[in-house]
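Naming follows writing order (A, B, C, D, E and F), and every chain is counted from residue 1.
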Amino acid sequence: MKLLVVNANTSPQVTDLVVQEARRAAQPGTEIVCATGRFGARIISTRAENAIAHHAMVELVAEHHRGCDAVLIGVSYDTGLAAVRELLPIPVVGMTEAALHSACFLGGRFGMITFDRRSEAVYREIIAGYGLTARLGALRSIQASPADMYRDPSIVEAKVVEAGQKLVEEDNVDVIIISGAAMAGMPRRVQDRLKVPAIDGVNCGTRLAEMLAAMKLPKPRSGSYAAVPEKELVDVAPAIQALYRG
Amino acid sequence: MKLLVVNANTSPQVTDLVVQEARRAAQPGTEIVCATGRFGARIISTRAENAIAHHAMVELVAEHHRGCDAVLIGVSYDTGLAAVRELLPIPVVGMTEAALHSACFLGGRFGMITFDRRSEAVYREIIAGYGLTARLGALRSIQASPADMYRDPSIVEAKVVEAGQKLVEEDNVDVIIISGAAMAGMPRRVQDRLKVPAIDGVNCGTRLAEMLAAMKLPKPRSGSYAAVPEKELVDVAPAIQALYRG
Amino acid sequence: MKLLVVNANTSPQVTDLVVQEARRAAQPGTEIVCATGRFGARIISTRAENAIAHHAMVELVAEHHRGCDAVLIGVSYDTGLAAVRELLPIPVVGMTEAALHSACFLGGRFGMITFDRRSEAVYREIIAGYGLTARLGALRSIQASPADMYRDPSIVEAKVVEAGQKLVEEDNVDVIIISGAAMAGMPRRVQDRLKVPAIDGVNCGTRLAEMLAAMKLPKPRSGSYAAVPEKELVDVAPAIQALYRG
Amino acid sequence: MKLLVVNANTSPQVTDLVVQEARRAAQPGTEIVCATGRFGARIISTRAENAIAHHAMVELVAEHHRGCDAVLIGVSYDTGLAAVRELLPIPVVGMTEAALHSACFLGGRFGMITFDRRSEAVYREIIAGYGLTARLGALRSIQASPADMYRDPSIVEAKVVEAGQKLVEEDNVDVIIISGAAMAGMPRRVQDRLKVPAIDGVNCGTRLAEMLAAMKLPKPRSGSYAAVPEKELVDVAPAIQALYRG
Amino acid sequence: MKLLVVNANTSPQVTDLVVQEARRAAQPGTEIVCATGRFGARIISTRAENAIAHHAMVELVAEHHRGCDAVLIGVSYDTGLAAVRELLPIPVVGMTEAALHSACFLGGRFGMITFDRRSEAVYREIIAGYGLTARLGALRSIQASPADMYRDPSIVEAKVVEAGQKLVEEDNVDVIIISGAAMAGMPRRVQDRLKVPAIDGVNCGTRLAEMLAAMKLPKPRSGSYAAVPEKELVDVAPAIQALYRG
Amino acid sequence: MKLLVVNANTSPQVTDLVVQEARRAAQPGTEIVCATGRFGARIISTRAENAIAHHAMVELVAEHHRGCDAVLIGVSYDTGLAAVRELLPIPVVGMTEAALHSACFLGGRFGMITFDRRSEAVYREIIAGYGLTARLGALRSIQASPADMYRDPSIVEAKVVEAGQKLVEEDNVDVIIISGAAMAGMPRRVQDRLKVPAIDGVNCGTRLAEMLAAMKLPKPRSGSYAAVPEKELVDVAPAIQALYRG
């Protein structure tokens, strides 16, 4: 089984982090290949950067999906998820989508820790978009960047633990999702300081992508996720155009 | 990895069907053990039968979970799911819960086929209980029983296909869930007559239980899914009492 | 009119408390009979104890409902309510269901006081199950047990009053529901220290059961609350089996 | 116990019908007094007529509530309900509110029959306003007026039965609410032709008003249902002004 | 274009304030005419006062709408909005409705500042009635009255700024609505002390009324907003009756 | 006032249609400038095309917004709306967002006509994303393409009218939104054959953009719509990069 992990951020370091965690989560027989964004933000944080990355994501999967059995969207806004799911004949999983649904198997309400208060609103909208608002206990943000992670992960971890404890003590959540592609693997490092399970989207998403690939379900032939029709697009990457030729 | 499949119906035939599909879905290294309800309905259909089966389910998992790595609730009302999840230190997955969340990775809205119109209301409540009402496109029921399945599965299959086609053509769903423990495996048999993926809870649930077991997450130590306190219950199976002794 | 109050807890003391409050609420012509759980927890608090009590509840009503005109579920998780409502030809009221709907006649949003933080999540799910989440202002829990009540009710009452005042001052609720079968009657004792009406489920439920019995509505002959079909169950109490013979 | 039934329609015939049904539903010791709208529509049907009736309702209860123990709003749009509930120190029940909450004790989802398609939208908004949309199975309207009722009730009844049967067969509801003050009593006349319980708001509301009055709960002293402050209004009925003097 | 601003409060001073702000917001070619409530509260705050004002509003628009191209409901509870919209052949906009929908164009979630904690509940219901609860970040109330405004606006402004800052810092809203007809114009005065846009309903509503009038859409001829049928009402203002004659 | 109409479709003909309708809706003093997508689909219909267009939209507004007072997203999926709103210091309006909120002023529930059944799901998600699901009466799709429009608009119009009549007769909606940038202006042509107002997003959006520009509100300095931080993006259009330099 070959899993394509796509990072629409333009930072190979983030891709490395994501792939590393994906490898750890993957089954022995799973081969992981990856692709990093060609254009756009190094670390997507604003809505505009995310919009640009929608295109980058479509281009990346168009160029790299051949021969793969499933795709993991390795950006925590699940950038372009619906588009890629529609476009490809193989299962596609968003890392945050994966964490959210996985969390639902671990308790009644989940909490989420985000990195930077600004993104809270975006995550709330993402959760609502999946129809999972009723399962959201609380969102809490800490102030930390990937750069902080490189400098001294222990400081970031301490902040995550503090936010996590509040989610448990004050918000009464049953499970904690730690968001952010650059934070992949963090749950393992802070788990023993938290009273409820902590998960991340790369770990969950890798496993769910493997699972869906193994199910060998057919591509829908009806509805808004059926294969795209034959059509000529203007000035897009040849690989995208190729997908519009069936 | 050892998966306990629990059928709180008192029909070993249904257990056999469920286990057979679970085996088909499971990874090579997964050992599947099963348990069948000791008391209650042969095939749970009414609310009252389901209430009785809550107790049966708790008793069954108390007696059979030792040495297991995960539990699959093999009754399509996900009987006793929250209770068993609270009670055990290992992952627990409900078969319908599994199908519902899996469906969310395959499109926007799912449809569900139920066997007997009476159960539609119960499934609608189950879906609402998981907070997934916004993802429900439509519920359609056919009239068929496990007995019909033994007699002539092709007739039941034809009804399922007809209902499934309506879910696609009229209700515009992206994926179809075929409910019912006794219908485990049906999706494979009708898939080529349906335009969107068809799934069942035993297949999805087996895979999700494997996945969650592999994640080796800790049991919550806070909230309503933390381990039950030490306590003496009156006149319950010794195995249940044992779980209340830590 | 004869009202069956069923306490699926296995504590006759709790039954006594519930019956005492039911008697106080009942009309002069109402005869109150009661039944106490034969097996399970003395005071149901966890999800697992509640699951066991589903069976206990069905068994109790099967054995005791003959000659009764209505049933009050005297457990504040409304254990087995839908099952009992389906099973019997007479009105069935859950005590928490009764308090919730009664509260809706007294203002816009209600608050609820629960005994033990762990149960908050369960009550939130119960409220959602009745479709009344939009009417919930806030849930607040205090730490108190039935044992605390026996020892020194005034301490528990003080905690209830404090939580109630916060519900009024901070959460702006219009009415307060005090949950818990063992707390039946508490609202009367703390009412004069609270600025909004305080109610409990036993009081409301007794009255609603009387009301529904007086309406003499027919049992549904369609849908998921119609009488259960003829069917043989395995190893259940003869009284349950009798209900499946019409 | 003295119950004030207020009909903000300006038709004494409708008041008579409502009072007649209220008497039938009331307990022996309940005295029923009534008041009919002084100005506005004979039968409120449009939104504008309902707006005018808000004032009429406030005026009526201000003038007639002295000495009463509870009020039943005998207009099926529950005209002025929140205002009257705020204004008076006694329980106030809306007839449709009463039917909706009562229906919740009789099954999972209710259906409603309205008289004139135009009002469907208003009822849908009323149900949403009570937070009960999740319990609404379906609304169906027939074309019939109070005048039709006087002329030949059997024709109206036949239409109600037909709509009710569709609610059961097609919409799978567990209980049917027949709306309309002028249709009070109709459920009794058509019940034996319907497979699920049928109820009306006057009958339910009378009983709920009795119940709430018997509970002797205090008037809220906080929130938006607390007594109105001392204040001078311009050119309103002296009875209204009197309520603003405490 | 001629805009009728209707203030169902009986305070000409409030009308003046509203008209002043409407003039400021209006386009040069817009003529603004106004009408003040004939009966009822000087400043509507309770639910009962609002109920009385429903009638006043219908009477006012009936008497003053001839020759006008649109109506702005200049009461922040949007008193009688649906009724007036149904009754008249011209566009009708509620001031709070206008602010709420305008806010949606300025960010994801809005906050609202209300004057007097009691009204918070009413505004929450109004927002829910428009189906916009998901866009509500938070409601915060300050204690201030129109009289306070006349005495020392700077004190009220300081309270508004403080509440607004909390909405931004703690509740993370993207835009702030300052409620209250008597507070029209306040946003302009406090805007530079707030980090997100602040708006009021009179300003937004004037512009939306102009916009809708310019669209020259037809009056619905179907549904619950179609023109009212010919009908005789009892003892209402002749202008109201005239609207029921087509 | 200068309004930028951005069409992320790569068809100048569609831009022409949109601009033509925008001109018709605009006030005399409004100057309309436009921009057409440089890359991507001629007419965006699939999710993947929409993802690509997110980038195109950001690029277009970055290149063309200088000197403009507001932006209208002239693609009916409101492509990139949140991103553009965040990115620019001027008001931004999505054409479908505009139609949806405008519709709310015209009645209780709106219906929507879409061109091609596949897009129904996308529109349902868009409406949910704005939190307006409760106002959606029904979605109906017809089969028609922009090419059909060029060939024989009267055939397309007849289909629109038929769908619209069903929305009125069967779904009881109060207003109809005709979706699709290429259908701008259609409502005017079919209005007299429909019983309720019909609107389109270009017309409404032009007016709302004018209105918001005239309000001269400040750009948020907090939250997820505040200006983007200084940051270097990789290989994006210089105009985009310029926006990240303040």
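Quick note on the criterion: a residue touches a chain if its C-beta (ideal position, glycine included) is under 8 Å from a C-beta of that chain, and two chains touch if they have at least 3 such contacts.
Note that the structure is a prediction, hence the values are computed from the model and not measured.
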item	value
Count of contact steps on the shortest path from chain C to chain F	2
Where chain B and chain C overlap in contact partners, by chain label	A, D
Centre-of-Cα separation between chain B and chain A, whole angstrom	27
Chain centre separation (chain B, chain D; CA means) in Å	44
Mean-CA-position distance for chain D and chain A (Å)	52
Touching two or more other chains - residues of chain F	82, 85, 108, 120-121, 125, 128, 134, 172, 174, 223-225
Every chain pair in contact, whichever chains are involved	A-B, A-C, A-E, A-F, B-C, B-D, B-F, C-D, C-E, D-E, D-F, E-F
Chain F residues touching chain D - in the complex, by the definition given at the top	108-109, 134, 172, 174
Residue numbers on chain F that touch chain B, as the complex places them	117, 120-121, 124-125, 128
Chain F residues within the chain A interface of the complex	10, 37-42, 46-52, 54-58, 80, 82-87, 118-122, 125, 128-129, 223-226, 228-229, 231-236, 240, 243
Chain B residues within the chain A interface of the complex	25, 27, 82, 85, 91, 93, 97, 101-102, 104-108, 130-135, 168-169, 172-175, 191, 195-197, 199, 203-204, 207-208, 211-212, 214-215, 217-218, 220-225
